[in-house]
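The structures come next, written out as structure tokens.
Shared between the two complexes below is chain A, which has chain B as its partner in the first and chain C in the second.
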Partner chain A sequence: MWIQSLFSYFKQAVFTLLGISFIMFSLTMLSTDDLAKQLITGSEDIIVSQEQIDAVKKELGLDRPFLVQYGSWLFHAVQGDFGFSYMAKKPVIDKILECLPATLFLSAVSLSMMLVIAVPLGILSAFKSNRFYDYLIRSISFLGISIPGFWVGLMLLWFFGLRLGWFPVVSSTVRLDTVILPALTLAVNMSAKYTRQVRSAVLEELGQDYVIGAKARGMSNFYILWKEVLPNALLPLLTIFALSAGSLLGGAAVAEIVFGWPGLGKLAVNAIEYRDFQLLQGVVIWIASIYMLINICVDLSYSHLDPRLKKKEHSHG
Partner chain B sequence: MKKWMKTCISALLIGTASLALYGCGSDSQKSGAAPETLRIGVTNFADSLEPTDNYFAWVVMRYGLGECLVKFDQEMNPVPWLASSWSIGKDQLTWTFQINDRAVFSNGNKVTADAVKSSIERVFEKSDRARTFFDYTEMKADGQTLIIKTDKPVPGLPGMLADPLFIIIDTTVTDRDYQSMGPICTGPYMVKSFSKAKAEMEANPNYWDGTVPFKKVEIPSIDDPNTRAMALQSGEVDMAVNISPGDLKLFTDSSRYRISEIASLRTVLARINMSPGHPLQDPKVRAALISSTDRKTYCENLLQNTFITGKAPVPPSLNYGFDQLTDPNNYNPDRARQLLSEAGWIDTDGDGYVDKDGKPLEVNFVYYSSRAELPLFAEATQADAKKAGIKVNLKNVDYNILDSMAKKGDYDLCISNIITANTGDPAVYLNWYWKTNSSGSNPQNGSGFSSTAFDTLSDRLSQEFDPALRRQYMIDMQQIILNEGAGLFFGYPKTNMVSSTSITGAEILPADYYWLTKDIRPAKS
Partner chain C sequence: MDSLISGIKHNWHFAFFSILALLLLFTALSAPWIAPYHPETAEMKNAFLPPSDGHWFGTDKLGRDCFSRVIYGARNSLSSVLILVCLVFSVGTSLGIISGYYGGKIDTVIMRLADIMISFPGIILAIAMAGIMGGSMLNAILALLSATWPKYARLSRSLVLKIKQKEFIEAAHINGGTQFHILIRHVLPNILPLLVITAASDIGGLMLELAGLSFLGFGIQPPAPEWGAMINEGRQQLQTAPWLMIYPGLAIFTTVVIFNLWGDSLRDVLDPHSVHQERISS
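Right after this comes the complex of A and B.
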């Protein structure tokens, strides 16, 4: 049964990736009236001769029919060769792998920060529902959702980097002290959303009969929270957490650019800027794959976390 | 309940405090760092230090690693660098370069004419771009003398060899990873480690041209201009290249910072299509449109003095007669209206726009927005032209699409921000945009502009070696463009380098590849 589900997820993933890669390839080629020139000059407006442009087109196979180009790309991609980045003069896969550790590190730290901030605040907000602390936390989370990420980043830089001097302003080297501010920037916005989700999930569980029963039996709030409420509230929270993780692993472009963090988000923006379509294609496939992988993991974990779902699957099966 | 709340709050506080303490205790690279280390905040586009790939050679030079035979001075005149002198033979095809006898590579090998020859040959072998500068029929090395023969006269060859593509490297070293360590060059610094995000350089112990002031140089790439400014304010970097105009006022305290600012080699201009059937074919309408634009206000107010007001095709950073050129179409809205009236364009229906034979005067202005100033110039032109009665329709397109539209002549006005002289003189730029395009002979000129006088000067220029005469030809060519109203020159962007007063010698030059030089030194040394 478990293997059947996995196989079904795998089939879906393959078709989705094929669709994404085709759409991506078409869009890239549609917007490239003179892709070769951009590849030569990057963001510089330098006069380029037609001969140079033709040479690059030939070198990259841009003079071939669209479907031939896509087919060729796909043939190599399934063998793990995502092409050559013209911007970096390196294989695409090498460039992605170069940026991946920084992205994984930033994602892990910011997700941890998000949990440390959002879970206690969400629970507190639920327990103090419609009282001062709840209003305060909800207002702050509303603010956190509304403020754009780049502004939060710049303010954190200004305050903690420039005024207090606690953290370095430049985060171009991947270290524990350089990751804190970019991770916090991402965590602020995610925590704001997550706090509200934690609050509503916990609040819903607190109104259930089993909680009232537990209270009547004289159990402590701490016991009810950890042993009864949180396990039941975990399922909806897991989905949001997985989506956040997926989005972070695809790169957090704004924070990465503000802090100079060498991750996948910045790489994707550079690839767009330089019209490095093979690199862009590789990054998009990575993002799509990681999203799907995380979703599959979450779906599979549902039945493990909630035995009722497993039972339902069995009865349908 | 209260107990677990207290536990959570305490954990949060302890966590935050630990992070803060960690930050304080870490190597945050403040200004108190060892004085033998220089830190520079830049933006870096290169993933590799192989000089023949893309424009990566610019970074090899910017980071103080590579040097050429020739360099440009503050007015973009070619001056000796690894070559101590050069001359052209009577046949106007044979160039002789004398290589500086003192020059050595960072590995201690002498820079001989043979080494230079082999380095230039490697560039031609590996880069398609080399032949767009010049082509040679023969190259000979004898001791410190290098002879380059070309198949046709190339008056600007020394300037072309100043392009970073022609950085001189030791080709005898073959077991080196050029991508991550760069080639063996002759500059004051060598690569210790390199990635796109950060480079670490160390002093070249064999530097041939004086002492190297810093033992170590760290160059983080900081793409966001606000962050770059904050890094300089916090002391994490000692100098930064291209601080955004809005942030420059943070560095006006001359006891702490020094700003070096100049007009760059760039011109922001709108090409004007004067082909038959286009409204700007009429010289009076062209003159009216140019006269209606208040370019001084655009540059000084709208763009907060980050641009020098435009007048001529070539910016004032180059010594090509900017001050002596006269623009017959200076800002004068009354004259603009008068010219339109003389050309038969009058507002008969009272809608604010002039018309003739029942048709309003409409002009299509094509622009791209990846450079922030271009939409502003376009919108300002639209507003000013409206005051004169000309309707300007703005069309925002991708840069690549704009380029092909420009070649096809699918515009009335087409804006660009262009480097005018990356080989030292603006001959290529003037020819490509304004030399007659006869049956595709000059595809970059899609404007329909054709002037016999201009073409004659251009032909003379291609054969002329005398710098004074070449300069005069290019001044005359510019004056023809101005008289014909064959371009709307908005302005010239400024470029800057801001440094802490703890160092000296950080000077920005018009050529955008002399950043880390031997002249940048600690202030107290």
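Right after this comes the complex of A and C.
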């Protein structure tokens, strides 16, 4: 049964990756002339004739029918060869693996920040629902949702980086002191969202009969929270946590650009600026794969966290 | 529509935020009369003036008045987000309704496509699409459209599926109503409120994403004034002229806050039970 569900996830993931790569490939095919031109001129601004462009396209095999090109790209990609990046002057896969750790590190730090900020605030807000602290926390998280992430980044950069000089202004090397501001930038929006969700998940559990029962038996708030509410609220929270972890991979692009953080998001944006579509395509596929891997892991962990699901699956299959 | 009017009368939250939202639209429409300068007139001798009585928000590297650019920027920012929301709403909802109402092969195709889009961080696809197609307002809108429609398609499909089993639909069938008639007269009015609420509360979020795209340079191109693009331009002078990025950012922030509050109050007016309903349907 376990193997079976793993297989169906795998099937879905392969299907999705095929779809995404096909969409991306069709898009890049719209502007092969640009690519050829970029290759000839490099960064210089010289005029290129159509014959030169055609010659380069022929050399790269860009004049072949669309499906043939896609097939050949797919054939290589499956073997881990995503083509050659003209921007980085190295194979796409090497460049991606070079930038991946930075993005993972940034994501890990900002997710931990998010947990540290959002979980206590969300729980406090739920326990004090419709009282002063609840209103305060809800108002702040409302503002946090409405603020543009890149602007938060620039303001942090301006205030802590330039005015106070506490943190380095450019975070182009991966260190503990350079990660703080970009991670905080990402954490602001995410914490605001997550605080709301922690609040509603905890609030829902607090309304259950067993909590009232525990209160009637004279259990302390701490006991109720720790032993009763949190284990039950864990499942929805885990889903949302995984979703934010996944969306970070995409959303990080803006923060990475603001701080010059050398991660996948910045790589994608740079690849677009250089019209290096092989690289862009590789990055997008990789981000999609990681995102789906996270989701599959979460789905699989459900049956461990919630025995009811296991039983249900059993009775169906 | 009736519920909207009674909402304005009885729910002062909704009335207040509607007025604020209309005020924003009014500011955008009457920009030529409000703004003291033309947004694209450069006067090099006035470059990088800090905020003062003559230039409330200071001036940028070309000596353009930042306040006027923020006011004019409202036009681009608001119009693009409203176009985007309308497009996403109509495309996503129609696909979802077709999918849910007719079922079969067309349902499979549409929902498979939606599955692909959803199991994937939308913003990275939007960045890639807008980037490849080249920076323009239209391309940014199309990119976000393709990343956001599945949400509406899924929601409206599940609503249609739920409605389809109700007795009054069956009764309409028995009375000889055509498919199209039933769809328009019975299904649509029942699912529309929740979809409208969703669209209204998405305005703020989509605005942030649009601003993010133009901040990255994939939205409307300079010298046209747009808040995200202005922040990107001001970014280089962060140290010497911080006002260049502070005020456009505040403009985005305020606008998003107003639209988010408006969306929330609309939810209260149109459908007090929406929180409950949404949980069931998603």
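Rule of thumb we're sticking to: the second predicted complex is superposed on the first by the 291 of 317 C-alpha atoms of A that agree within 3 Å, B and C clash if a C-alpha of one lies under 4 Å from a C-alpha of the other, contacts with A are read in each partner's own complex, and residues count from 1 in each chain.
As a working rule, a contact is a pair of C-beta atoms (placed from the backbone, for glycine too) under 8 Å apart; a residue touches a chain by one contact, two chains touch by 3 or more.
All values derive from a computational prediction rather than experimental measurement.
Novice: When the two structures are overlaid on chain A, which partner does A:212 contact: first (chain B), second (chain C), both, or neither?
Specialist: A:212 contacts neither chain B nor chain C.
Novice: Please tell me which partner, chain B or chain C, touches more residues of chain A.
Specialist: Counting residues of chain A touched by each partner, the higher count goes to B.
Novice: Looking at A:277, would you say it contacts chain B, chain C, both, or neither? Reply first, second, both or neither.
Specialist: In the superposition, A:277 touches chain C alone.
Novice: Once the shared chain is lined up, is A:162 touching chain B (first), chain C (second), both, or neither of them?
Specialist: both
Novice: Given the touch rule stated above, what does A:173 touch, chain B (first), chain C (second), both, or neither?
Specialist: After superposing on A, A:173 lies in contact with chain B but is clear of chain C.
Novice: Output check: A:266 vs chain B and chain C. Expected answer is one of first, second, both, neither. What do you get?
Specialist: first
Novice: Thinking of the overlay built on chain A, is A:154 touched by chain B (first), by chain C (second), by both, or by neither?
Specialist: In the superposition, A:154 contacts both chain B and chain C.
Novice: After lining up the shared chain so the two structures overlap, which partner does A:257 touch, if you call chain B first and chain C second: first, second, both or neither?
Specialist: both
Novice: After the superposition on A, what does A:19 contact: first (chain B), second (chain C), both or neither?
Specialist: It touches chain C, and chain B stays clear.
Novice: Please indicate which partner A:6 is in contact with in the superposed arrangement: first for chain B, second for chain C, both, or neither.
Specialist: A:6: touches no partner chain.
Novice: Please write out, lowest number first, the residues of chain A touched by both chain B and chain C across the two complexes.
Specialist: 31, 154, 157-158, 162, 257-258
Novice: Provide the residue numbers of chain B that touch chain A in the complex, in ascending order.
Specialist: Interface residues on the chain B side: 1, 3-5, 8-9, 11-12, 15, 19-20, 22-24, 26-30, 41, 45, 47-48, 50, 53-56, 128-129, 132, 179, 195-198, 220-224, 226-227, 230-231, 233-234, 236-237, 266, 370, 398-401, 403-404, 416-419, 422, 428-429, 432, 443-444.
Novice: Where on chain A does chain B make contact in their complex?
Specialist: 31-35, 37-38, 40-52, 55-56, 85-90, 95, 98, 116-117, 120, 124, 127, 154, 157-158, 160-162, 164-170, 172-173, 175-177, 180, 221-222, 225, 257-260, 262, 266, 270, 274-275
Novice: Given the complex with chain C, which residues does chain A contribute to the contact?
Specialist: 12-13, 15-16, 19-20, 23-24, 27-28, 30-31, 142-143, 145-151, 154-155, 157-158, 162, 246-247, 249-251, 253-254, 257-258, 265, 268-269, 272-273, 277, 280, 284, 287-288, 291-292, 295
Novice: What does chain C use to touch chain A in their complex?
Specialist: These residues of chain C touch chain A: 112-113, 115-116, 119-125, 127-129, 131-133, 204-205, 208, 211-212, 215-218, 228, 231, 235, 238-239, 242, 245-246, 249, 252-253, 256-257, 260-261.
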